[in-house]
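Submitted below is the structure of interest, expressed as structure tokens.
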Amino acid sequence: MIKKLDELAALVEGVVLGDGDVTVTGVTNIEDAGEQDITFAVPPHLEKAARCRAAAVIIPDSVTEYSKPAIRVANPRIAFTKLLELFTPPLQVERKVHPAAVVAPTAILGQNVAVMPCAVIADHAVIGDNTVIYPHTYIGQEAVIGQDTVLYPSVTVRERCRIGNRNIIHSGAVIGSDGFGFVTIGGEHRKVPQVGNVVIEDDVEIGANVTVDRATTGSTVVKRGTKVDNLVHIAHNVVIGEHCYLTAQTGIAGSTKVGNYVTFAGQSGSNGHITIGDHCVFAAKAGVTGDVPAGSFYAGFPARPHQEWLRAAVGMYKVNDIMKKVRELERRLAELEPK
Amino acid sequence: MIKKLDELAALVEGVVLGDGDVTVTGVTNIEDAGEQDITFAVPPHLEKAARCRAAAVIIPDSVTEYSKPAIRVANPRIAFTKLLELFTPPLQVERKVHPAAVVAPTAILGQNVAVMPCAVIADHAVIGDNTVIYPHTYIGQEAVIGQDTVLYPSVTVRERCRIGNRNIIHSGAVIGSDGFGFVTIGGEHRKVPQVGNVVIEDDVEIGANVTVDRATTGSTVVKRGTKVDNLVHIAHNVVIGEHCYLTAQTGIAGSTKVGNYVTFAGQSGSNGHITIGDHCVFAAKAGVTGDVPAGSFYAGFPARPHQEWLRAAVGMYKVNDIMKKVRELERRLAELEPK
Amino acid sequence: MIKKLDELAALVEGVVLGDGDVTVTGVTNIEDAGEQDITFAVPPHLEKAARCRAAAVIIPDSVTEYSKPAIRVANPRIAFTKLLELFTPPLQVERKVHPAAVVAPTAILGQNVAVMPCAVIADHAVIGDNTVIYPHTYIGQEAVIGQDTVLYPSVTVRERCRIGNRNIIHSGAVIGSDGFGFVTIGGEHRKVPQVGNVVIEDDVEIGANVTVDRATTGSTVVKRGTKVDNLVHIAHNVVIGEHCYLTAQTGIAGSTKVGNYVTFAGQSGSNGHITIGDHCVFAAKAGVTGDVPAGSFYAGFPARPHQEWLRAAVGMYKVNDIMKKVRELERRLAELEPK
């Protein structure tokens, strides 16, 4: 594909700065850009991009002079995303059931579905139109998968779970494993049957090797628009709100309710049976131990407001100095005191 | 299934409070209960359950008046578990080797075994009676799987590992991957062959995407009755005692010996080559760095007795105030001191 | 296999102490050693090994008297590794494409390759000589796998990723899942296409259930000789240097560049977009938040030099005592001050 800079600017609703006739054949990052690529830059990377090999650069519209042909836009990252979509069409996938796939006769497949070799679809499962199921993926009994969804290799969707439309489920993700529930009788941990399911709404992305446990009764829910990174654990009966980010290696314990637009940074976690309000942010490695009001930015373990935590985390390193000062004060004071 | 409350009370050895003729067709949690369901409640949820739609509620026998038909029992959670088992029989599984499974001619299968499509059983593996092997599960050469065990989709059991009776191994679990052992020779990390195996005793549950590494020599062991949650890592030559709980995302480093009835809460971890006594509890995110005596309750990193850690975790937030007080003391003291 | 101690000593370039005619049929650890096994010991385990059942012990050459037949060597661990290799040859693997494997007609397979049942190799993938692909492993379109590499069961290598020579990839590892990249437009998180790949160089080992995300553009790279333990997460556009150790459950956020010979201990992590110098060591659970100079040993979160962190971690536990002392000082000072 060959495009002139003018054409690309029109596509991303930007304004050309410099030569609009420059030709572009690809889009990539600053370091890898070749002489026919376009890249993007925001401060503090504008200078570096100006010196790279790229033919042109997408820059913020606040920049009015630039040493390379450029497209000025309100949000370079969004424009870059649009050009990535333009220059790199999705992989071609043959829309058929491969003869080495195993589809139960009672399963129902929509139009234009791809089921690749060694995928297994169990009895009474339902697969929506245009959905793509890669090799080694298992769809359990009575599970329902929506339309335009992609399940990459080795995904497990256990019985009766429901996956929405336009979902992307990455390799090794397990949807609907049993919740971790036991009662101890006479020193033995006896399993509490986990007879609920998992419901994943529309436009959700689930990362590689994520685990989402089925509910004891009822449903574990991940609401629409939420994005879950790799190796995240979501326990039974958890509800994750809409448009959340759960970054890699986060863990949410059982029955916790998370609001909308909540971000958990990497390796953070939440206690079970708590409620987290909308628009909260938890820093990396944070451990949430109780209810959190909407709009909070917390860090540490037990998690506290980020500014307080930051001061405390620095304060830790002052303790030994303080101890010295206190000893000195004790000495000086003893000298003043009547013997 | 339809049952009268009187019948259910007999089953769970409880006492009916109110109308014993009420009919029940299902069992679920308070929020999801419909008009023919039974649910359970313990303080502080008794009021909420009384107002929910359920036909009846299982309550502690200490409660003697209730506004809904109820069953009074010593332990409502145990009674609830029994009713879950009653109302939700396990999934029907066809007891046969599916033609799309691949079973080595030298493998030995017990009576009444299910091997689902795309499961692969390697040479000289042994599978016990009544065991169920889901699709995409791999049983390696000379591995031995006990009776009445369930291996969900995409489990890997590597060569010569031994899995006991009545085990449940969830999807994506890897049993017997190589331990992480190297010797560095001339700047290159050379692999130490990991020629031991993994032994998992009876009545163990292993969560989704758990990894249990094979021993360098000898065995990595998980003893009977232990329950392992999702995404836990158990390194080579570790021994986990009986009836332990390893909660999600816990990691146990190499050669550590864990006693019986030990609980690791979520995202906790242990150093290698240490010994942990029976009945220890480690709080979420704890990091154990040395031997721990039996009966300890530890938290933090390096892990210390929980009460000490709790005071220290609060103390961190006082450091800046203390610093201010110390400066004030210095000022006041200087005024008193002879110039 | 039966060997005399003299023969083994020659093999490991060591010196026999005691009877060189002792016969050895196996090699294992101190606890499991039987009467015809050899084991190894370094301080403080020399005494224990002397009392164990083993026929002989590999010991450091600094030890000149020993109560059992022994081999003295410079590095007992290296000698032990050589004997493990001698006594435990790798599993026999049939070098063929199993009829239940699914190999695209356009895929290219080298000499002496094993492709086991239910492995799936997609269009235009290339597999090097002597490489072994276990069941349920997926090699995506145009992916390239080097020579003498082993991919254990249920590995996913997504399209266009490149795996080097002499690699070992453990079960459940996912190479090339999409990076976690989104732009938020009107409250919806829109996916940034992840069109780069993953490049894993030679002599790398990747643990079970590890995830390595493909780059947004360009490549996520793991350089030669690096060893990655189980359940590690490597985000998009990360570069891991040569000969590193990433211990279990470590997470490296996007675009971070890690030098050579860097060690991340268990459950540690790094922020994204930072640079870490050669020969750094990060303690367990450390969280790196900014650039780190070569040769650093850091701990804690935010990570700081290990010695500082150690003092601070102890200091935390003194805060309440300090507070008491400060109150006492305030009281004493008030008594001295003029009313």
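Letters are used for the chains, namely A, B and C, taken in the order the chains are written, and counting of residues starts over at 1 for each.
The working rule: a residue touches a chain if its C-beta (ideal position, glycine included) is under 8 Å from a C-beta of that chain, and two chains touch if they have at least 3 such contacts.
Quick caveat, the model's predicted, so the values are computed rather than measured.
Q: At the interface of chain A with chain B, does the proportion of residue numbers present on both copies reach over half, so same, or stay under half, so different?
A: Because under half of the interface numbers appear in both copies, chain B and chain A meet with different residues.
Q: Roughly how big is the turn, in degrees to the nearest 5, that lines up chain A with chain C by CA atoms?
A: 120
Q: Centroid of chain A to centroid of chain B, CA atoms only: how many Å?
A: Comparing mean C-alpha positions, chain B is 25 Å from chain A.
Q: Enumerate the residues of chain C that touch no fewer than two other chains.
A: 118, 136, 154, 172, 209, 231, 249, 267, 285, 313, 316, 319, 322, 326, 329, 333, 336
Q: Quick check: in the complex, which residue numbers of chain C touch chain A?
A: It is residues 102, 118, 120, 136, 138, 141, 154, 156, 158-159, 172, 174, 177-178, 180, 182-183, 185, 187-193, 195, 209, 211, 213, 216-218, 231, 233, 235, 237, 249, 251, 253, 267, 269, 271, 285, 287, 301-302, 304, 308, 311-313, 315-316, 318-319, 322, 325-326, 329, 332-333, 336 of chain C that touch chain A.
Q: Per the contact definition, I'd like the list of chain A residues that touch chain C in the complex.
A: Of all residues in chain A, those touching chain C are 27-29, 31-32, 75, 77-78, 80-81, 84-85, 88, 91, 98, 100, 116-118, 134-136, 152-154, 168, 170-172, 203, 205, 207-209, 225, 227, 229-231, 243, 245, 247-249, 261, 266-267, 284-285, 313, 316-317, 319-320, 322-323, 326, 329-330, 333, 336-337.
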